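What follows is a single structure, written as structure tokens, with notes after it.
Lettered A, B, C and D in written order, each chain numbered from 1.
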């Protein structure tokens, strides 16, 4: 099967809530699907409102695998909680990217998700 | 009316919560709309983080019908709960695909949904 | 300003929950934005899993206006509660369509939304 | 890096709930990501069901920054609560736009989000 998706994806609404309640921790995940026969080498950048971007955090997604990458558990980069941010994912092969948030600030969890916006290059 | 949509759709963020509370069970549904005059024969594949994909689960959607396919009630394939997965839908005629999750882990349900990402072929 | 958007939009995941709690009623809304200088005449069709579609429910959206159309308050068509359905919107001028659900089955409301899928014609 | 995204984005489903509960206020945010090396000058318009649009509210997003713009905290324009509205964002350089709602009407918050619909010009 040939590669499916796009090489660059953008997500404007990132936010890791400061508080959590119950058994689930508030978090966000960048979910990537690689249907190709090749490993996808991702370079992820994070943008903020009032500071310089954190660029080129590297993550790999093996051939025919998915990875749900928590933004509060990245090796080599720390995204602050309670601060608006945005995400840019660049991949060595076409993939598909979706971003989801779980917010457990209050006594019942809430979820939201959106497919990232693909950039044609 | 001619067929509408695309033949291949991808969804990176799949997850069936392990716990449920109240009258609603935690689940996900792959929702398909076939506006064409022909039956759509779907072949659905599931991708994981650390195991081989489950490929080619077959489901039919009649002409001018929708089907909301629960991923915990597939004949012939069992998607484990509490594990990240991703979905690829291929159809014999163009359709539209949307994926939604209901999470009832905590005392109030939460919903999220996204249109799947269409692949041009 | 010239018209913006598309003339046909599809939404696979429709469902009006049977139960409500608190001050808010469970419902879905088809939200339409018409930025053009002309009235948009919509023809909305509803698809089901096991019965014939309800076709061509007519709704108008004036020039430079939005309308949030509740699917449980359509004149001339009744969408049953507790049953999966899907939506097709056709418009006389390009518009943009988004569909949202409020579920108040349990003691706290939940929301989900997705942009509909545009069809190029 | 060249500019990424589109210059016009549309969001049909806007609504700021009248009520709030707990520590979080019900609100909506227009989230914008500008990956370019140039400041993005945004002109945002708001459409209603039964009144004239509010046009050309100006907001800037610096180069390589995100901004999460709350629609209840705009300088120079007041969006009424409890009223359906819709949003059009035009930018001087390509950006990506996503819109999210937090609803705290009832005792637990709920979130929803969607990528805005890009218009090719």
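Keep this in mind: contacts are C-beta pairs under 8 Å (C-beta built on N, C-alpha and C of every residue); 3 or more make two chains touch, one makes a residue touch a chain.
Bear in mind that the values here come from a model prediction, so they are computed numbers and not experimental data.
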Of all other chains, the one whose Cα centre sits farthest from chain C: A
Interface residue overlap between copies chain B and chain C, same or different (over half shared): different
Copy-to-copy rotation for chain A and chain B - C-alpha atoms, rounded to a multiple of 5°: 90
Rounded Å distance between chain C and chain D, as computed from the means of their C-alpha atoms: 21
Centre distance in Å when chain B and chain D are each reduced to the mean of their C-alpha atoms: 30
Residue list for chain A, restricted to those that touch at least two other chains: 107-108, 110-115
Chain C contact footprint on chain B (complex, rising order): 4-5, 22-24, 29, 31-33, 35, 64-68, 96-98, 100, 104, 107-115, 118
Contact set on chain B toward chain A in their complex: 8, 10-15, 47-50, 52-53, 84-86, 88, 101, 103, 105-108, 110-117, 119
